[in-house]
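Pasting the structures in now, so scroll down.
First chain A sits with chain B, and in the next complex the same chain sits with chain C.
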Partner chain A sequence: MPEQMLDQRIDYYPTHEYQGFQFRPGRPIPFGATLVPNGVNFSIFSSAATSCTLVLFEKRASKPVVEIPFPEEFRIGNVYCMIVFDLDVENIEYGYRMGGPWDPIAGHRFDKTKILCDPYAKAIGGRDVWLQPPDWNNLYQYRARLAFEDFDWEEDRHPEIPIEDLVIYEMHVRSFTRHPSSGVKYPGTFAAIREKIPYLKELGVNGLELMPIFEFDEWENNRQHPETGELLVNYWGYSTLGFFAPKGGYAATGKYGMQVDELKTLIKDLHKNGIEVILDVVFNHTAEGDHRGHTISFRGVDNKTYYMLTPDGYYFNFSGCGNTLNCNHPVVRNVVLDCLRYWASEYHLDGFRFDLASILGRDPMGYPLSNPPLLETLAHDPILARCKLIAEAWDAGGLYQVGSFPAYGRWAEWNGKYRDTIRKFLKSEPGQVGELSYRIQGSPDLYEHRGPTASINFVTCHDGFTLYDLFSYNDKHNEANGENNNDGANDNNSWNGGWEGETDDPGINSLRRRQIKNALTILLISQGVPMIFAGDEAGRTQNGNNNAYCHDTEMNWFDWSLLERNADLFRYAKRFIHFRHAHPALRNRYHFQHRDYVGSGYPDISFHGTQAWNCDWSFDSRVFAFLLCGKHAKQGSVEDDFIYGGINMHWDALHFQPPYLPEGMKWHIFSNTGMPAPEDVHEIGREPILAEQNNILVGPRSIIVLVGR
Partner chain B sequence: MSFSVSSEIINDVARFVLSGELDAGSAGMFKAEIEKVAAQGPKRLVLMVKDLAFMASAGLRVLIFAKQKLGTEVPIYIVSPQEPIVDTLQKTGFHHSVHIVPEYGDES
Partner chain C sequence: MQVTIKSINGVVLIELEGSLDGKTAPEVQKQVLPSAEGQNKVILDMTRVHYISSAGLRVLLLLYRQLKAKGGKIVLVGMMEEIRDVMSNTGLLNFFLIADSPKGGIEALG
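Right, the complex of A and B next:
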């Protein structure tokens, strides 16, 4: 017996050889490619394939080095698995060819001419550098690679910030630093975000929600604008190629295949600075499109399992993107679960926001389930137990579940009704006071038994107008998208203040700035979890485009010079975010009870109008005020100041009477959007005393926030 | 450019001299050298990399391996690295885990 065999484990000893490559039967679990002693275990599931071949490449090579057919005895159940030995793991890419029927009506689309990316690929090559023109002749475009789990996390741990204490900042990785004004060394990358952590700290956000970073192809559906010639691309990335792989083109080190390390480094540094990371995950569809789309992975591996299919074998399209992942099929459900567990444990992620999450509650025929197993499984999963789970509680098939998303005590929702109500009230629409009162309380009408933390409050997000544009445009202006302005939402509830788009009119510009501050104010004094779209704090514009999914241009990039030009907005935003952090009364976990249960003489929340204790609930009212009793903060467990918000969305200035405070306390003015900077917002703890304690003039379309202590 | 590595231990300080390109093909050689030295329990690792032109992810993995094998109490010095090497270390954040210095004397 050769000497070297003596110290080798027999279960990692090759038993077969093919064209110089040694291998043996593998292990079915875990799926994907996994390092084992001296080799790599390859495991892939297909319920209907009749054969499977492992295709190995050297990195970036156009032709495989070998194609090893799985011997039939290597199949365990419906899983093909083998261990291949002595591979240069840093330098290989791999894929599969699957044999089986081509019978679309029966749901099968096997095609052995295609090399398929592993659904469990931990890294994917082929789009390593953002927008580098690909070699379209390469027969294997999206190339599965191995990732290594040896990152040095040191003492890193999840911050586990209570969700009610979060201020979420939604960001597109590339947009945040791609603009030349960002001043970073590696613009548009994970590494660049790291350079901007001091900015995030200064702003005060403590939850970073990254728009999709699963590997996608920015070249997907690329085209030129018919008039301008601009290259339009898949910029946002809501089109997943691989659920386990980070986007190589977002890494400065993508060309070296080190995107995994770079992203982990970012997360580690964010954690070090008390910032959580939430991923926007797209499980509703994949990049393979409908029956006319490319075969990249799932379609060729097991079409019938991975996708929701019509009875005649076409793709249900509840995503609006051509296909719909069959998320409540038990196998696919496990893929989603494995994926989230992987990101939570291997990347130390703190939460997930699920794009078009209502799809995750549909059965394989598309019908909404009353008790969707996937959502329940995620809610109760032990590894995800402390991760935030946030649903975009609607889909493109008409299922709208804001307030009724199956939550299992765990799920929060993007509150679309919050957005709509705040927008309507800000543009002085009548009939909104009643609904506004619910929204600022954390929407107890929607989340009675779930508490305010079920409500992710936002006025803007990536989808729709920026905050600046919300008050600068009545209508969308999406001509640059090359779709004749037919794309994007029409129900924006926006108001331009008297002129469509840019203007020199000082009155209109002043109103717009005020409205931006008004929106930030309401957002940050509402119960629930506020979310700010990156750049809104500095008045970023998209020139009226409310669907900028395809522009790798200044339309999407955050122009950092805005921080100087709109210094008053940034100052206002950051002071208000810190104000929220300073006041637990704004961050309750449970709903108000509308009564005094601590003996303070005031209910936990009370509603007012221009007169104290007399809220005008009438249809024509544009006035609303509320008082938070600081002694009820966090259900009376901590003591806070009294906080009064007076909102005047009438076009005239009005006198407001704040309620009298307990003896010895006085009202101080924290903010007044009717005042120009620097009188619009004051330093926390150094707020000036209100001159007339029960009378303040609130300007037209303005908001005051007072603190009583 | 071919890779070469040599090492010596003097007074518990393991000094490596690296040159050429540290990529997937050569990382094994570096790792073997690290393992050899690690067995002698050095108190400090000093990598003289002035003539190292390139470091791929495989090279970085060996550094991670070294750090995890020797423990955080054994500092690693990267001496006089070229710009691309510094870039790689910075982009992946590994510069927080090592000391990058322009030169290294026995008194350092």
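Right, the complex of A and C next:
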């Protein structure tokens, strides 16, 4: 718009003045602080406030420069809005004071002594540099800021990779590069991940799932370990301060307030490299805790709207974190929708993984809804239409919905049953073959109508043992968390192979490496969407800690020297990920039909045992093999090799008979976890021919994968 | 913030000195954009810029966009390491040609 036209609009001039600040009535939509010509439009909603004051600070100042009460005529419905002119938008921070009743039983906790962060703040100051000691005397700790929204995306576009073609890599932003061995210039930041894109490409992952990056306070509930003296912090960050603001302390440029641009730059470059970005979003609770917690934002703005409250005004705690966001309240539902739309459009995000998503299906009294409006809204939203929506389909209040999460044809799930079955089978538990056959097919027993793409398959994630620890510890060892080893899960289905923790025993160590490769193999030849926890490809350990939420130490940091020490694991993981990308037969969108519908002479999938066409389903069986017919890949729409997986979780070596191939084809050995490197996995396209075509010895607790062509 | 604008053999040389932030950016923009108008070779000497904020970065990007629209080129010269890193981390560095000195800048412009 030409400048003179802007100047001609009468609403770009102030009508009011207060202590030298000029302002006029604002616009209620959009909520939050929005840059408008000559000024900033501030808009905030509260269903029960009786007054509202805009508090403006200079950046980092302890005292406000001005507190402008909203004139009563500036309120539209329950929204206070005003445009303030001539602000130095980079140099201000703002908050609100809300007047209203202090009546906890009625659900109201207004307190005018508090300065409240805007629930729609696009950036939040106060924790600009990771673990820099804050000024606790400052009345306003988490300080809403303005953000420019004119990032130059050039021709960036969402890769829109079909979900069945994704290999997801779950990562903690800081853990990935904080270790001195990472060799990056700004360890622990968004910029550092960008520096490591070549590594991600080499590994072959094409979906990066970032653990929470909404602003949180790493100092929240900080304490010293009573014995070791270690400072324990809110490291993982599953405790949101503001849903629209990226974490400043994760940006190398956070000290300059440029985290917004730095994160966008990372996403833009990941896209350029064919990697999608999925955010782990925490909408189930906030950082305000229960009735004993701090008043930071939501509680003081509109407690009754934002939280699920008991009839006597306390907080329902379905999250295990003190409070529960009132997600199916119509207003909060819109906040969640606005938030996701903002991240999808302004940050070009490709998907979201919803922490404790079952909470999003509860009504304001906590009852599970059969048709939760929030989940339905998200599933049908025009802006989110091509984003991946992934649910952690359970909550801390006992709602477990794996297989039954309200999906509306859109939602995928973290498949906890996949994790449990694979772990049990790998430790040679009996009675698992039937279950395993479902899991490698994309769990048709759970997702009959939703297809294998509903299943996010994983063996490990941030929550629980690392892959190395899964095969090195029978029990959790969480003493370092300072909770007497009472925290963290007890049902890990882990097995140490004969010794708890580190050992010099070469037999045990070799078994552990084999088991890691076994787990990766099953994960990457299963239908569904595989997810790998960052570092597992190199045998990262947490010394048996299965709940490392509070450690900003080497326990969480990825030690890059592992790539050399465990070069065989990395090589194995890398080759297998590329194997998956090379074979469409492993990435079907629809379930198998267990029949031959293309006339190849083979069903799309068939099950076998040590003998071809004879799977041992008995309780004591630890053997399972399957054959994917390459002519049925993606419903027969593309041609692929035949793929055979032979899994022996028996403690003895066994001879397996792969089925005969069509005339003229031969079996080639892609991988054999029973062999030491470099014979464990071969280069794609250069796999050696199997010497005896219908007989291969599979070592104890080993897996072979053959390709037929 | 000091802005000096010179013209050397058809190349516009803009020298900045001081802090390019929300306070100074509008003024710098007012001076710099017109001086580059209609030009196709611009050197921006940042040797004496010790701080640059988001608003400052946006002035540089505007300048780039204005030149690029008309087929012009711009070289940034003499950036301090910290400023260079900020520009790299926020994705701006990719847009610009970079040189150590004005002389190198002229070479980069070809």
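Remarks
As a working rule, the second predicted complex is superposed on the first by the 701 of 709 C-alpha atoms of A that agree within 3 Å, B and C clash if a C-alpha of one lies under 4 Å from a C-alpha of the other, contacts with A are read in each partner's own complex, and residues count from 1 in each chain.
As a convention for this text, contacts are C-beta pairs under 8 Å (C-beta built on N, C-alpha and C of every residue); 3 or more make two chains touch, one makes a residue touch a chain.
This is a predicted model, so every value here is computed, not measured.
Annotation: superposed three-chain arrangement on chain A; chain B versus chain C shows a clash. Contact with both chain B and chain C is seen for A:186 once the two complexes are overlaid on the shared chain.
By the touch criterion defined above, A:509 reaches neither chain B nor chain C.
When the shared chain is aligned, no partner comes close enough to touch A:334: not chain B, not chain C.
Shared interface residues of chain A, touching chain B in one complex and chain C in the other, are 88, 90-91, 148, 150-152, 185-186, 189, 191, 194, 251-253, 256-258, 261-262, 264-265, 268-269.
On the chain A side of its complex with chain B, the touching residues are 88, 90-91, 148, 150-152, 154, 185-186, 189, 191, 194, 251-253, 256-258, 261-262, 264-266, 268-269.
Residues of chain C that touch chain A in their complex: 21-23, 53-55, 57-58, 61, 65, 85-86, 88-91, 95. Across the complex, chain A meets chain C through its residues 88-91, 148, 150-152, 185-186, 189-191, 194, 251-253, 256-258, 261-262, 264-265, 268-269.
Contact residues of chain B toward chain A in the complex are 23-25, 27, 56-58, 60-61, 64-65, 67-68, 72, 88, 90-94, 97.
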